[in-house]
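So that you can tell them apart, the chains are marked A, B, C and D in the order they are listed, and the count of residues begins at 1 in each.
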């Protein structure tokens, strides 16, 4: 079973590429986990599906948000929906999927079902943002 | 462990010596077990501690009442209280006690704690009657 | 025995139940008290032991291996139960201590919110106290009415009485057993559900006895609530199930407050988790739930077709054999009945029957079987009761018959 | 370790707990989550297995050997629990599923009859949800008030706040933990009981955590109610205890309705059994109760003097070791404290700590520990928590410290 804290995750948690509230955006969405109080707020610029976020929570949450922003950049809403489904499958089965690129770093979570929510929270927030576009 | 249905018990159940309501008596008492609906009504004639009873219930109840009437005949209230205590000890330990005479036939009940109440019910009824004398 | 049983070998089944090798008073144990609680197969014992020896921690949000694995095993049983009774969703399965708690949960939560004073609950004359007393308590606390549906002398629901009880349109809940623990009667729950629904009422089915003997499909029945206990289904004590239709559960307030059942808690105010967790306060019966899962696997592995066929033969055999003993009176003669047989015997009190049979190693129950009012209805103060499990053999029924003949002699 | 522990050999104790030999992710299991639920000794596992393999039937009024013996074993545990906490009578011991149910039982029965709208219940800031939410529910259903007693920054009851909360004479129940499951603080329950009684209030003590580590004497404490769970006391899940003073229990209406808890039942009306049976509806957790009896025997066999001494050394060692790690912040510094240690770590979220420790085989809990409002009070959103049992070793605490240092590196 792969480590849920691969170097990429720690790296993105410590040095995120897409964190912060952009000056301009077209839509936003929020994900919150009442169990732990963790939160993520997603900002979407439609052009090029450019995603930024503000996360307050664990390393998995922020790394997942950051890797998500990588993964969805330039995709269509439909492609994103497919990615989101594939990502969920990755998290429940632990089986890597080449289509998921850097998101595969989160495969190790499959052994921690109570942490899966940390990884999917940014995706729910993004879905909300897409819904509002 | 002795049989809770020794011949004497079956005999007294089938052919009781002290069953029935006497024409005259000085006091009476009742014992009822709400769990099974069984009842016994005891009639006491003070002279010679002469006990009769009407029982509605199992063989243990009626035999115990009949043997009790044997045992208490001619005794004082104090002696009866002692007998009653010894009888309870018999029922909980299963150890026979020469002082108890025919009541020893009930020693086998020690293995059936849920039946002990059947055997002690007549004694509660008698205690009530004695209280009212 | 007949051809239907060829693939079902009761001697093989018996090997799975260690306790059946016990002796009682020097005689082989003949356990005819399964309706009170069934014995446990090795698979259940081993599953519980495995949890405690190799994979235990408190469940939910543990974030460590033992807790994750235990939570997964625990929650997998919810899926198993949902599949077992064909619930539409796992979220419709609430874990309780026993059927009694399941019914009380409905009375406390649904009863106190969906019912208004003046509304009525209807139960039948053959309910276990668990499906009568909670409605009396609701009546006394909440001002609802409680109505009793008559049964026939055979021990079946009296549909005329049912009509009457529902006539004024006030009945909002029909709470009824699927199988009497005294008379062995099955009730036509599909028909009763339809009847209730047509009149705007909900139906709660007490499946405690039925689920042990028959395949249950809550959706086919049309049950709004369905309650049962693990310990009668060859599982552990301390675990029961309440099935509730999702929309009903979602509208219900919680029963007990504490951990697990909350959304957010502040000193001032709390919000509730979604069903089923809303109804599961505190540390659940983890080991027992996993044991129940093993019991369900075991029962499904044998299959209700085989179990029902075996038990049908047993019941026919028992009715014929006991019915032949002069002085023995079988209480209840429903058309559709299962392996729970209550009887009385001339000259012998039920308690004496039970104790004298016990001397011969035979375990039957005697008394009112937690259905005291039904005793009066059937004109007895109590009965002796022999009840069968999948491990019961025709020879054990013969032993019972022989035992009764001996008792007859004693009291003749 | 010091001389006091010479007769207490933790390696011998560990042999009694089969699970401690497990590996997690290829590392030996270091189980530091006993406050959530303790592991089970062989004696408990064997006792439960024995019931199911050799001596099982439903309890009470069985009239046959298996039922008599099982009832005797079951009821013997009531005596055992009474002796264990020094209750004045076995009739003061009510079996429940867990501490949560014990507290809810009091809120539903005593709370709704002995308390009047306008009366107040007081709890402390460091209560588990199990001792907060039921009183919120009572407030919302019954119109009682709920007041919060402040704690100090160290994590001790603030007696000034206590005085204030009681000042207007409306508080009729003080419901308070004997040991915080987050801060590890013990509360001075004897003093609190005296305080409450002098002001005409009753006291309910949540003994869930304390009873695992200290000898409890409910009479010496002066507790009116005392609640705890079997599963934290090295016993099975599915079984808890409510102690209540006899005169209080006697005046209380039943909680749930069904079998066992009744006197007489007619279709119209039921009467109730005496305590404790009045509060035990339906088939009890028979196997689990017998398992709890084995757990109590086991704990008494070791003795609280030895357990407390061992745990005291562990706690001192842990506070010193963790306190030395730069960036680790221990939450709660009560004078009188036990082996439950909550902490946060700079740059590392509690959930990340838990998962990363788990990779090293170390089980700790992370989150709000069912004490969400306390998190706000202590200025955190959650903590990681290491908690000890009698089988915990100083080496395991060293492993924890090493694990935290590694995590520090990861996130540095």
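Following the convention adopted for this analysis, contacts are C-beta pairs under 8 Å (C-beta built on N, C-alpha and C of every residue); 3 or more make two chains touch, one makes a residue touch a chain.
What you see is a predicted model; the values in this text were computed from it and never measured.
Undergrad: Counting one step for each move to a touching chain, how far apart are subunit A and subunit B?
TA: Counted as steps through touching chains, the separation is 2.
Undergrad: So, what's the distance in Å between the C-alpha centres of subunit D and subunit A?
TA: Chain centres of subunit A and subunit D, defined by C-alpha means, are spaced 39 Å apart.
Undergrad: What is the distance, in whole Å, between the centres of subunit A and subunit C, each centre taken as the mean of its C-alpha atoms?
TA: A distance of 47 Å separates the two centres.
Undergrad: At what distance in angstrom does the C-alpha mean of subunit D lie from that of subunit C?
TA: Centre separation, subunit C to subunit D: 31 Å.
Undergrad: Quick check: what residues of subunit A touch more than one other chain, meaning two or more?
TA: As it turns out, subunit A has residues touching two or more other chains at 35, 112, 115.
Undergrad: Could you list the positions in subunit C whose residues touch two or more of the other chains?
TA: 25, 61-63, 65, 67, 264, 351, 355, 358, 367
Undergrad: Taking the top-of-page definition of touch, could you list the pairs of chains it picks out?
TA: Touching chain pairs, listed by label, come out as A-C, A-D, B-C, B-D, C-D.
Undergrad: Considering the complex alone, what residue numbers of subunit D touch subunit A?
TA: Contacts found on subunit D: 25, 348-352, 355-356, 358-359, 367-368, 375, 381-382, 410-411.
Undergrad: Taking the touch rule as given, give the residues of subunit B at its contact with subunit D in the complex, in rising order.
TA: Within the complex, subunit B contacts subunit D at residues 34-35, 111-115.
Undergrad: Enumerate the contact residues on subunit D facing subunit C in the complex.
TA: Checking each residue of subunit D against subunit C gives 18-19, 22, 24-25, 29, 31, 33, 36-37, 39-40, 44-45, 48-49, 52-58, 61-67, 97-101, 103-104, 107, 125, 128-130, 132-134, 136-137, 148, 229, 231, 236-240, 254-262, 264-267, 269-270, 281-288, 351, 354-355, 357-358, 361-367, 370, 372-373, 376.
Undergrad: Can you name the residues of subunit D that touch subunit B in the complex?
TA: 60-63, 65, 67-68, 71-72, 263-264
Undergrad: What residues on subunit A touch subunit D, complex-wise?
TA: 1, 3-5, 10, 13-14, 35-38, 57-60, 112, 115, 118
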